[in-house]
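Each of the next two complexes has chain A plus one more chain, namely chain B in the first and chain C in the second.
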Partner chain A sequence: MNALRPVWVVFAKDVRIELRRRESLASMAFFGALVLVILSLAVGGGRRVAPETGAGILWVAVLFASVLGLGRVFAREKEDGCVSALLVSPLSPGALFAAKALVNFALMAAAEVVLVPLFYVLFGRGLAGNPLPLLPVIVLVNGGFSAAGTLLSAVAAGTRRNEVLLPILLYPLLLPVIVLAVRATGGVLAGGGLAAAAEHLSTLAAFCVIYAAAGALLFPFAVREG
Partner chain B sequence: MFLQVESLRKSYGGVEALQGVDLQLEKGELLCLFGPNGAGKSTLLKILATLLAPTSGTVRAAGFDLEEHPEAYRARLGVVSHQSFLYADLTARENLAFYAALYGMDDPDGRADDLLERVDLAHRADAPVSALSRGMQQRLTIARALVNDPDLLLLDEPFTGLDEHAAARLRDQLRLLHDRDRTVVLVTHNLRRGLESATRLGILSRGRLVYLEDRDRVDPAAFEAEYFRLLEVR
Partner chain C sequence: MTLVPKPREFPVSAAAAAVLLPVAVGLVFFYAPVERTMGVVQKIFYVHLALALTAFWSFGVSAVAGIGYLVRRDPLWDARSATAVELGVVLTTLVLVTGSLWGRPIWNTWWTWDPRLTTSLILWFIYAACLILRASVDDPTRRATFSAVMAIAGFVDVPIVFLSARLMRSIHPTVIRSDSVGLEPAMIATLVVCLAAVFALWLALFRVRCGLHRQEAALDAVDARLDRAGA
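Then we have the complex of A and B:
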């Protein structure tokens, strides 16, 4: 069997459930939008913000919203013991990790389709330049967040208070990525274009690879019992 | 020999859940394992299902070693638990087609339809699992476990939560499962249901297999007395 086929099978199943329920995506988009509106009011409603401040606001909204979806994707597998059925199938833990990380990536990207335009509506005054160079930054942050988040959501799903534990474990681990994302985004919002983001992209990509490799290696220990 | 378990031990911290279990089953046997809570039945089944790693000992089934070839071993394995392993938001057909695709079946939808016919659920194929009764979900669970036509089937307390009628239907389904020389290990508290289905009977007590006998050589009335005697001895 093609090694990518089981990844696709699990991914397609999760997307189908998500499209049917829409609970993760709706809560992520709504919560993220709420954060943006509250922060917009907090800075004075329509006032200009410095590019670095704007970048911080955008990533706070995106990352706080994304953790809502992250917890659900793995918690769903724990309902009715479905994760056990996956673990007793020929699906390797690495393939399960890849499928879940892809689902988280897709959910995050879908939420950003709502949140990034809303950010420009609320904070766009005074921000210079083309937003297109944000795309590689967004892709790399999503990659790092999804990889680290998938591993930690598997750890947290086995505990009683997983909704609390997940952000407590995840945000400190993602701190380097968040700092780099804010700097790269700030550069783009200041009109620096792709060149402003480029100096941070390789470091962001390195973190993305580290999280993905660590996630794939440690995931079997997170999902299996003793 | 189809299933060979040798010197299987499992410790959690300082507690030995399994203290050296040896077990051999021929192809096509249905072993029913009885035992009180904490006897190690679920631990043994979890190890056989590769959900738990043993502290020591070996398990081989159909020529595959559980430690050396876990994925090949799992491809021949089916598991039924008191949990359904079904996605409540997917329909009965979508659930079976998903698992069929996961096991690399060429025509997952066709396989799903075949299995729905076998467990008498074709008329509810497009109903979400959440809309099915407990008995229907249990039948769908059995269909799910058969999706890869497994050689070894593990059943963990499948009668839990079922009323008498649903339990009787499940017993009939177990006969369906036990066709074509499929080897089955069934763990249950329910002595009567277990005796109805088994070809071999075993009793686990405090992590040891203290009794193993062919069903044909056991008088059901005497077995119950023997069961309680063995639990008291240990």
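Then we have the complex of A and C:
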């Protein structure tokens, strides 16, 4: 239990900052909503979309919005050299990685609370089925995005072009996740229920595990260099 | 102050590539038989497969060299990792181009979302991003660490890329299976020589480019020393 305490302290600190200023969450939800509206207009404004296309639209909005929050999670620590302070504290770099990934997971989840209902408002016509089986897909995609994203945000934050570089580095790694998430979500939106998503969940979980491990091992190198 | 050692006067790999590449081209055009249904277009396969295997090998080398750098902190490993990424991206570009050239007459399309095409394209994007990352960092130690992290993070994605790409409908020919090789003996011989030629070329380019990376680093170090002395 003691090992989890530093993770909790950093996580609580970041959540407190976010609750007071609401800068990341507001921009993520706003930008995600904007992407959904743009895509709704791009497919012809209110026309019915096929379940697989709808799944693609939902994930484009969520992943584009999430990268905004992800960049801030780490860039905030770079200002005034807070990273150095965190590194000389008794906190292990692995715990810092876990805390930052959790913060990002929470931000993504909060943005999705806005974006998924909005998606149903704009594109819900013609989509069948109960949206509840989307939950495990969303949790696993958030996990994978947060693990890979936290590692790469430490890399991008150490360069001159943080905001530009982060999506360039992160999205290629996420391409297989996008394939899997769209397939699973498309199945659920077509009315397939949990069974339609189930076959892709193990691969998505494998992605989470791989990047959680790779992140815990590689993050210390990246963050010390930043 | 360490100067980069002069490369050996007679690079064996370069000599091997210089001999094998023309031989391979000769075999492809004059020795390998013309395939019955695809005709002469099929001949691009020898080059395509050789490039694809060497490209994948190159990405593997970059990840291993990345681990080498993080463990040893020796700039030599960074030069190796960077070189392998560069060669891998060039080779994968050629794989995608040769594949498209073959796909247009045979599949009637330049591109399709087949598992192997998807995998190659995703790997191309991951490692091209590595090159962009390298170009955006000035400090050599920081650049080396970040590049190593990205090369490793890219390579551990490969199993997931494979699994996700399997969802695509495959129309790609599987020439070499675990139990049989669907090729004439003359075709196999041509393929083996092509593979050896491309691999020898990879080795030669790897040596030259690696040396170049190290010379650049040595030059930068001299530059920095001169700056300090002048200031």
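One rule holds in what follows: the second predicted complex is superposed on the first by the 224 of 226 C-alpha atoms of A that agree within 3 Å, B and C clash if a C-alpha of one lies under 4 Å from a C-alpha of the other, contacts with A are read in each partner's own complex, and residues count from 1 in each chain.
Here is the rule we go by: a contact is a pair of C-beta atoms (placed from the backbone, for glycine too) under 8 Å apart; a residue touches a chain by one contact, two chains touch by 3 or more.
Values in this document were obtained by computation on a predicted structure and should not be read as measured data.
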Look at A:152 in the shared chain and tell me whether it touches chain B only, chain C only, both, or neither; answer first, second, both or neither.
second
Would you check which partner chain A:47 touches, where first means chain B only, second means chain C only, and both and neither mean what they say?
neither
Looking at the overlay, what does A:177 touch: chain B (first), chain C (second), both, or neither?
second
With the two structures laid over each other on chain A, which partner does A:214 touch: chain B (first), chain C (second), both, or neither?
second
Mind working out whether A:225 is in touch with chain B, chain C, both or neither, as first, second, both or neither?
both
In the superposed arrangement, does A:165 touch chain B (first), chain C (second), both or neither?
second
Please indicate which partner A:22 is in contact with in the superposed arrangement: first for chain B, second for chain C, both, or neither.
neither
Residue overlap on chain A between the chain B interface and the chain C interface 225-226
So, in the complex, the side of chain C touching chain A is made of residues 70, 118, 122, 125-126, 128-129, 132-133, 136-138, 141-142, 145-146, 148-150, 152-154, 156-157, 159-161, 163-165, 167
Which positions of chain B touch chain A when the two form their complex?
12, 46, 49-53, 71-72, 74-75, 77, 79, 81, 83-90, 94, 98-99, 101-104, 144
Can you check the complex and tell me which residues of chain A touch chain C?
148, 151-152, 155, 158-161, 165, 168-169, 171-173, 175-177, 179-180, 183, 200, 203, 206-207, 210-211, 214, 218, 221-222, 225-226
Under the definition above, what is the set of chain A residues touching chain B in their complex?
1, 5-6, 9-10, 13, 16-17, 20-21, 76, 79-82, 84-92, 224-226
